[in-house]
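Step one of this worksheet: look at the structure below.
Chain lettering (A, B, C, D and E) follows the sequence in which the chains are written, and residue indices restart at 1 in each chain.
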Amino acid sequence: FKMGNASKNENKEKKEFTKITFCLDWTPNTNHTGLFVAKGKGYFEEEGLEVEFVQPPEDGALLMCSSGQAQFAIDAQDTFAAALDGDKDYGVTAISAILQHNTSGIISRKGDGIVSPAGLEGKTYSTWESPIEMAMIKNVMEEENADFDKLKLIPNTITDEPAALAAKQTDAIWVFYGWGGINADIEKVDCDFFFFRDINPVFDYCTPVIFGNNEFMESNPEITKAFLRACKKGYEYAVENPDDAADILIKEDSTNSLQGADKLVHESQKWISKEYISDAKSWGYIDSSRWDRFYKWLYDNKLTKNNLSKTGYTNEYLSE
Amino acid sequence: MTKKLQNITDKLPPLIALLGFVLIWQLVCFFKIVPSFMLPSPIEVVLAIINDFSTLLHHGKVSLIETLAGLLLGIILAFVMATVMDRFVVLDKAFYPLIIVSQTIPTIAIAPILVLWMGFGMAPKITLVVITTFFPITVGLLEGYKSVDKDSLNLLKAMGADNLQIFYHLKFPRAMPYFFAGLKISASYAVVGAVVSEWLGGFEGLGVYMTRVKKAYSFDKMFAVIIVIVIISLLLMKLVKEIGKMSMPWLNLAKNENVNQK
Amino acid sequence: MTKKLQNITDKLPPLIALLGFVLIWQLVCFFKIVPSFMLPSPIEVVLAIINDFSTLLHHGKVSLIETLAGLLLGIILAFVMATVMDRFVVLDKAFYPLIIVSQTIPTIAIAPILVLWMGFGMAPKITLVVITTFFPITVGLLEGYKSVDKDSLNLLKAMGADNLQIFYHLKFPRAMPYFFAGLKISASYAVVGAVVSEWLGGFEGLGVYMTRVKKAYSFDKMFAVIIVIVIISLLLMKLVKEIGKMSMPWLNLAKNENVNQK
Amino acid sequence: MILLKAVDISKKYGEKTIIESVNINLKKGETVSLLGVSGAGKTTLLHVLAGISPPDGGKVFLMEEDITKNPGKIAYMMQKDLLLEHKKIIDNVALPLIIKGKSKKEARKEAIKYFKDFGLDNTQYKYPSQLSGGMRQRAALLRTYLSSNKVALLDEPFSALDNITKSAIQKWYLDTIKKIDLSTIFITHDIDEAIYLSDRIYILKGKPATITDEIDLGNLKKDTEKDFNLTEKFLELKKMIISKLV
Amino acid sequence: MILLKAVDISKKYGEKTIIESVNINLKKGETVSLLGVSGAGKTTLLHVLAGISPPDGGKVFLMEEDITKNPGKIAYMMQKDLLLEHKKIIDNVALPLIIKGKSKKEARKEAIKYFKDFGLDNTQYKYPSQLSGGMRQRAALLRTYLSSNKVALLDEPFSALDNITKSAIQKWYLDTIKKIDLSTIFITHDIDEAIYLSDRIYILKGKPATITDEIDLGNLKKDTEKDFNLTEKFLELKKMIISKLV
């Protein structure tokens, strides 16, 4: 597990590029648009970087970054807690927020009455059974005086949320609005949706987030900064040109998994482009107050052994 | 005395190999040749087993029930299929290729489909165990039935035995060693089958627990689960072996005697 | 003429069984006994294969390369292990139990760990194929070596043959049928091994494609992939069988002749 | 009185005719041997007589009854694999009774009576692999006897034994067969054995094979004479038979 | 001239002594047989002579050289499984040459010369399973010969054949052995065979087994006399040997 991938390219004819492996959190989607734009538009190249996007084993992006198989990876603040909380040093730090706000929430069939957490009572919810997820659902339900015990839980094996709802496999699913919510519109499945952050502001944590391998970043601070500069440029382009960016995403995705989903990508892009920077002073900035508040909540609710506030992130590699 | 000695010289080498393996593993961890989050040390794993014991027991029980139920159904299915296929050659010709095909389907691909069809209960898990286990048993039984020599068959025919009697007195006992050989292979795959299907959708069982601890980055617990799975598999194989020994007293005898006789 | 006839009566039943199976499947879909999103009809699956042909070919190639590389390494590993274990009884005693233990570890659990250790390339996939395939070959070879009777061994010793000559002239050829039997089993698991490891981390190969179409709820494509996997596995098994036949001319002869002789 | 009669038996395997127009008979109390080189078709003929292999022509009669293709009427001791390794001796021996519908308990009770007579004391609850070659032979013969048929067919009953152990068993066999009043046809390719044990010899020869000769030894008092097979009379007979065999 | 000499050989398996103080010798051109009941220890003794089984006491000399525990000096034809099924006849037969370091091509060239003499024309490129029993025997003997040792040990070379085919091969064997000038010790438990084929007979008997008798047949002109084994002289000898065996 050497940093083999980071070694200099031997090719003498061209400019020498630094190779970067970037581990995505999922199949390519509009969360990643800026990255693909940076690649497609040559922003990485301008910074002397050659970036390869890879996909992780199930839920493993962070670990791939820890192990040095990837220099950077995407994960979320909530799942990162488990890694921070143990007695082991995973050697990764959050260095940039892709979206400023948590855009996740619960989607349900229109007419079932799950317009807010109270409506979940007596319904079926597909869960990954992560403790934080459960605690959040419990919290938002209790905010509205609903009984969490009356929520029926089934394992989440769902990958196409609108279809699952339409087939009545389940009543409620956790989705990111920018993808799952938009997809429901596209598929013409009438749905209700609520954001967690609207019920309890503590849940407005950072997700998804770009992580970097500490060892790599400490020995290559300039490369790290250059990498984020290129990303930023990419996301800024996506904010300005959602349609064009969407096309670049589809084109640059070497896995071709978005082919045939043009409409979804474009619609999603239109919505999400507004979220990349949102109310922040610039793209990528991690709002420490929201970060710390969520981790404190975890600690207060005994979801972590340690108080993780003020740990695990830095804005120092971001350019102004 | 010599038998005891034999026993020791038989068991010593694997024990030493195992200890050596664990020792190297511990040293690799101790000198941080591999970072600790990538590979928990054996001590950590043992601690994880001790700390999580009741949880492991609970999930282990669920997986074990699925395994045993699947194995039992697999045996019944294999028995019926092999016996019918042995009786009617056409069916043998017709279904043997299909059975082989069924074994090249990745379980990881059908597990989610089974969950989709059968829900989140034990049914899809048991079904998956049946699918992974019936094959070695069926093949074993078929081979066993075919291993019966024409002369023995003629002997019973000459006595005027009907098909059922031939089956009971000759074919089935002759097929038993093959049956148990197949069953041993099945037993070694059965637990894994159950775990895979739980992994891909379920609420309880070692597979579910494994995804859970994996998400929590608890690799020590993850390894603990793997070790529990290995232990259950080995116990199951041992059980099959012992039942086999008990059901076929003539085989052990033959071995003991042959040393003295020939 | 009679041989041709035999060939037909051998191949007809499985063909009819297969067609019957597909027909029932189509009817189940046609009459919507199972909702179409849960089970694509055979026609849809065939269409999916045709439409996705180039994609399937691309991913299939990747999986096939991993499979073949893994199988080759598995053969080499198995050969070295079995030969060394056969030569030194202590090693046999020491490692045989460990090898069995290695088979009860769920691949689905170690695949992500392998990716973590070895990265995103083909290495972890090939390793997984090696792990799933070396076992049947090793066991086959060991059994084969052990199948050599004392008399043949003594015959060569009496000629003054050394260990290497005994291995070359006697042990290895005698072990070949066992080797190929093991290899056939390995071949049937190899593709699945590659697919599982891709499923759990990778960006090319049938396993990756499968997760992708599964996420898109394209069950017709999912089934198309399964069928491609089955076909590759069957072809691989067929290949092993043919190579086996070619490498052991004396076995086929024996069969033909025995009919006339005894 | 003729117990068993085979008329015009012929048998093919595939295109190949193995035996053709074979006529054979066996009188009550008689011991008849079937002599022929390896592959002549001796076993094939016995299979037909036992009813387990359908002939392509001809019929087999037991007394007056047609028993062609009707197994279970004649006891048959096969060329090898005499005992089922997975059954204890008592159950091996009692098998014909169980097949005929007796309960295991009854069958065992019936079988156990004969263990002493057949020199099988204390072997009841052993497995075949624990017995010596000679004992196995006797167990197989006891089983043949317990099928309680008047006629027994034996396929090379002694070929598995070495020449020296063989003569002891042959002697015992002659005595026993008389005691239990069995009429037998047995196969051998050992001329000495044929002369020593049988009242009559059929020679099976040719492709396809037929009975080419029948030699009556009824008037020889071989069992009374000591070392009969070392006498001149014996040698003459042997010479004669060899000349007919080749 | 004494070619092979075994002095005071004893051999145990585990706690059990199988043979004890066995002394044997073989002169040039001689054919000696080793007679004993099944399980006496005949094969055990031959294993020691061939050097593939270390004795617990005693030594084996070839000419004056000590060849105890030193295989490859004496040709040895085993009791069964004579030919390797996975090799063509030519390669089976040439195996001793290849083992001794010749190339496959050379070895084949050397071996092929003898196929005609041994009655094996046109079998070179066949596999053992395609040969009849008699041909297999001859191929095994040719292989034994090609190990180009002066002394050959044969363990029941004819026991697999039926009595009638056997005599033909035995005759051929006697002729051939003379032609190729081989000195042999062979095992049998068939008294007729021992008398017919050998110049001298050793009788191995007892538990543990020793050589209890040695019978010299050197002055019998058996091969010239037709049907020797049907003569009175033969019978007397046989009677004598039986009395010594039991």
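Throughout what follows, contacts are C-beta pairs under 8 Å (C-beta built on N, C-alpha and C of every residue); 3 or more make two chains touch, one makes a residue touch a chain.
In this text, all values refer to a predicted model and were calculated from it rather than measured experimentally.
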{"item": "Hypothetical removal of chain E, resulting connected chain groups", "value": "one piece"}
{"item": "Minimum number of chain-to-chain touching steps separating chain C from chain D", "value": "2"}
{"item": "Joint neighbours of chain E and chain D, given as chain labels", "value": "none"}
{"item": "By count of C-beta pairs in contact, the leading pair of chains", "value": "B-C"}
{"item": "Chain centre separation (chain A, chain B; CA means) in Å", "value": "41"}
{"item": "Separation of mean Cα positions, chain C and chain B [Å, integer]", "value": "19"}
{"item": "Inter-chain centre distance, chain C versus chain E - centres from mean C-alpha coordinates, in Å", "value": "47"}
{"item": "Where chain C touches two or more other chains, by residue", "value": "112, 116-117, 214"}
{"item": "Multi-chain contact residues (two or more partners), chain E", "value": "none"}
{"item": "Junction residues of chain A - those touching two or more other chains", "value": "1, 58, 63, 67"}
{"item": "Residue ranges of chain C in contact with chain A within the complex", "value": "35, 37, 55, 111-112, 115-120, 200-203, 208, 212, 214-217"}
{"item": "Of chain A, residues touching chain C in the complex", "value": "1, 5, 21, 27, 54-58, 60, 63-64, 67, 69-70, 159-160, 163, 167, 254-257"}
{"item": "Sites on chain D touched by chain B in the complex", "value": "47, 50-52, 71-76, 78-82, 84-87, 95-96, 98-100, 127-130, 147"}
{"item": "Parts of chain B lying in touch with chain C, wherever the complex brings them together", "value": "10, 13-14, 16-18, 21, 34, 38, 90-91, 93-98, 100-101, 103-110, 112-113, 116-117, 188, 191-192, 195-196, 199, 210, 214, 219, 222, 225-226, 229-230, 233-234, 237"}
{"item": "Chain D-touching residues of chain B, taken from the complex the two chains share", "value": "149, 151-152, 154-161, 165, 169-170, 173-174, 176, 248-250, 253-254, 257-258"}
